[in-house]
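Consider the two complexes below, in which subunit A is the common component and subunit B and subunit C are the respective partners.
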Partner chain A sequence: MNRLSQLALSDEGFVFDPQTGDSFQVSETGMAVLRALKEGRSDEETAQQLVADFEVSLEEARRDCTDFRGQLKNFGLA
Partner chain B sequence: MKRPYEKPVINKLRSGLMNKFGWSPAYARKVRTAIDGVSVDELCGQFGSPLFVYSERTARRTYRQMFNAFSTRYPNVEFGWSYKTNYLQAICALMHQEGSIAEVVSAMEYDKARLLGIPGEKIIFNGPHKPMAALEKAVVEGAVVNVDNLDEIVDLETVAKKLNRTVHVGMRLNLDAGIYPQWSRFGFNLESGQALDAAKRIARGGRLKLNGLHCHIGTFIMDPQAYAREITKMVKFGYELREAFGFEMESYDIGGGFPSKSRLKGVYLPPEVAIPGIDEFAEAITHAFSEALKPGDFPKLIIESGRAVIDEAGYLITSIVAAKRLADGTRAYVADGGVNLLFTAFWYKFNVELDREVGGINETSVIYGPLCMNIDAIDEGIQLPPLKRGTRLIFSPVGAYNNTQWLQFIEYRPNVVLVTESGEVEIIREAEDITDIQRRERLPKHLELKNGK
Partner chain C sequence: MKDLAIGVSGINAVDNPGPGVGVARSLKEAEDLNARIIGLAYDAMEPGIYMDWVVDRSFIMPYPSGDGAAYFDRLAFIRDQQGLDVLIPNLDAELPLYLKRVGELKDMGIATFLPSMEQFKLRGKDKLAEVAERMDIKLPKTKVCTSLDQLIAAVDELGLPVMVKGSFYKAYAAYTTTQAVSHFHALVAEWGYPVIVQSIVSGEELNVIGVGDGAGGSLGIVGIKKISVTALGKIWTGVTIKHRPMLDAANRFIRELKWRGPFELECIVKGDDVYLIEINPRFPAWVYFATGVGVNLPARLVRHALGVDQPLAPDYEAGKLFVRYSYELVTDMVKFQQAVTRGEVG
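What follows is the complex of A and B.
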């Protein structure tokens, strides 16, 4: 079961994990990455989406997607 | 239209626990784009990163505030610039221009003061190690020598005999000023009678004359009354010496140890709240001094403050060279300057400012320096928004003890600049290169490598 698909996301930047009951606060870009990953997009596609929506280089977006995945892993969400 | 970018961050909310630091308090983020009107960008563009920056305006203003605090309360005050705190020539010269004499604690510091043009009679020579040659030079040149131990008394008597004259000396005391730890390794202990025995020994020798008392009760002292107790005991002892041996005390040197507006690790309150102002120290000291002195006596009151005078004038600009996550998920940054440049990071939690506005949720972060050692952490547990490579962190106050205790370990030491009162930027110490590291080394002939072998 994809843990990410279970998460409830709100537009205000809150995430609820029904499996553990934990809540999270996520930045705007974090939410964009989370939604993309939840939809099953690859890191590369997610980075390109960030570049399309935000003022960021592809290089920085790629790096930050990798880091964000690390954060999710640390919280047991990925 | 594209939106401004903040790095993606996710933080766990901990319900039931007090979250006193908040997630993203913009007010808690400090931004500094310039030092004394010179932009951080311009400074780093011209002089590189990391970069020590001193503010001449702050240094002079702090000195004057401090000197005025004492001299408006007692008529005979002299400041001795504590070389060990910062012996960059420009900083010492600035302090001497303000009227300070030199306070040195080693032969090397004595040479520095002399090389700067300070005459011997304007130097106070303290410290536990005064080699014979340095001692003789100091006596010949008229420096104030404060005796640390019995062996030094013997050395000074030898010098006096050689010069065939009586030599005036001061005596370093250690005493109980009601604070912990009590510094007892320097000088002669007062309460145990050791100081009186040393005075007896000096009187019996007949070649030295005591004319001053010196003491330094510790460092970063936050209780003004500790100094009041110190000076009261010193003056009482001075009168005992006059009574017993006819030694007249011309000066009382209470040392330094006044705190700067830095934050000691483990102190919860900010320095603006926790640390008494210099006027409180001056009031306590001069009040106790005047109370202890007999009518008509106005011996010189010497203050050897270092940290409280120069700390706030110093900044270190560093740049983030890498961002990473530790195994437990903690955000970590690698800066191009660490404990190699900020030795005082071991006991201070510095004020950390960013060179730009950065959006995003604050995360508990660690700032590491460039050393390949685990101890090289400048701040563990700081709340920072996600920073990208190249963001500059400005640490302050760092003017005290860092440019004297910095390490040369594996890195070159960077440029040090002074922003003058007129807003110009002067290099006061050039960045090192490989020639500085190799200059004193010698490679024996048989170890010379040919083609790398």
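What follows is the complex of A and C.
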């Protein structure tokens, strides 16, 4: 099972990794991206979802998704 | 089940707490045991003596040194006076004596559930390589040193910084060879040879508590991460986790070594790599954490020691929080007086 799907994500944006005990706080946008990634959506689908939910251009949404995925990688979660 | 008189040591719930109060509290919560807790203390100031809602009666014990004759005489006295069905020793310093004379305890009608002497010796830091191999997990690069020359060669080979450790107790980080030499002398003076030099592995420090049934089966395990620790390195807050490779390694530890009794594994985890740092052949002071998440290991150990049937080990949830706190009680000076003059309270 991949690490992302195991993360517990609360409605307030509190993220708990049951494997390591680490916890994180994510913003509303981060929550939307994390939910999409947990559901197995592609970066492109996730970016389009961000465009639909927030006032943001597709280009900016793509960049945010890439940045977010990079951060997840740094934390060993993706 | 009839009322059980259960002896529990390590009731020194101080800033470097012993496991006894957590063990006693767990036993009290297992209603089927009807446990009457007999606290075995070494000092009249051990807080457990005064916690009468957890420890029913306490006795001051002689130190478990020498051949242990005085210690066993005291146990016989307690058994005759109070009954003593089961005994759970919780302090490292007691274990060698208990393991040497475990047969006598049985003859006295006192049940225990302890590792064998052979298993106990495996927890020595100079034996961890063998255990890690049998558990199929990693060990930080380790050198066992019995001379200063060997220490200096080990530091050169492993590269700084290193951990310098006594065979059973104490570990210090050394960032220079001079520091390593200083720690070496201090450890030899206090604990003797060998001294272990280990490279430092970076990663998450995770722990597992469990009880093995002595035949390769598990009576339960719980994995945790210490979120914050005291200046003495003792857990203050923690969270339950499910780090599968570490839990698998703990189950292999139980299975491959046929571990008998309680244990705590201290590990460092980096991704899926698990490094073994230490084995404690007893319950840790945070044993009540497992009880609080539904895995009452002291109660399960007692039932197993007495041959009482019980269901398979329950599972637990990841993400349960442990918070230690300080608290005070006020009682009569008479209790302290009884502990000092009579050596028993309750």
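We take it that the second predicted complex is superposed on the first by the 78 of 78 C-alpha atoms of A that agree within 3 Å, B and C clash if a C-alpha of one lies under 4 Å from a C-alpha of the other, contacts with A are read in each partner's own complex, and residues count from 1 in each chain.
As a working rule, a residue touches a chain if its C-beta (ideal position, glycine included) is under 8 Å from a C-beta of that chain, and two chains touch if they have at least 3 such contacts.
Every value quoted in this text rests on a predicted model; they were computed, and no experiment measured them.
Of the two partner chains, neither subunit B nor subunit C is touched by A:E44.
Shared-chain residue A:E59: touches no atom of subunit B or subunit C. When the two structures are aligned on the shared chain, A:G76 is found in touch with subunit C, with no touch to subunit B. Once the two complexes are laid over each other on the shared chain, residue contacts for A:Q19 go to subunit C alone; subunit B is not touched.
Applying the stated contact rule after C-alpha superposition, one finds that A:A8 touches subunit C and leaves subunit B untouched. The interface of subunit A with subunit B overlaps its interface with subunit C at residues 22-23. Residues 204, 206, 224-225, 227, 238-244, 269, 271, 318-319 of subunit C are the ones touching subunit A in the complex. Considering their complex, residues 2-13, 15, 23, 323, 325, 328-329, 360-361, 388 of subunit B touch subunit A.
Of all residues in subunit A, only 14-15, 22-30, 32-34, 50, 52-56, 60, 64-65, 67-68, 70-72, 74-75 touch subunit B in the complex they form.
Remark: subunit A residues 8, 16, 18-23, 76 touch subunit C in the complex.
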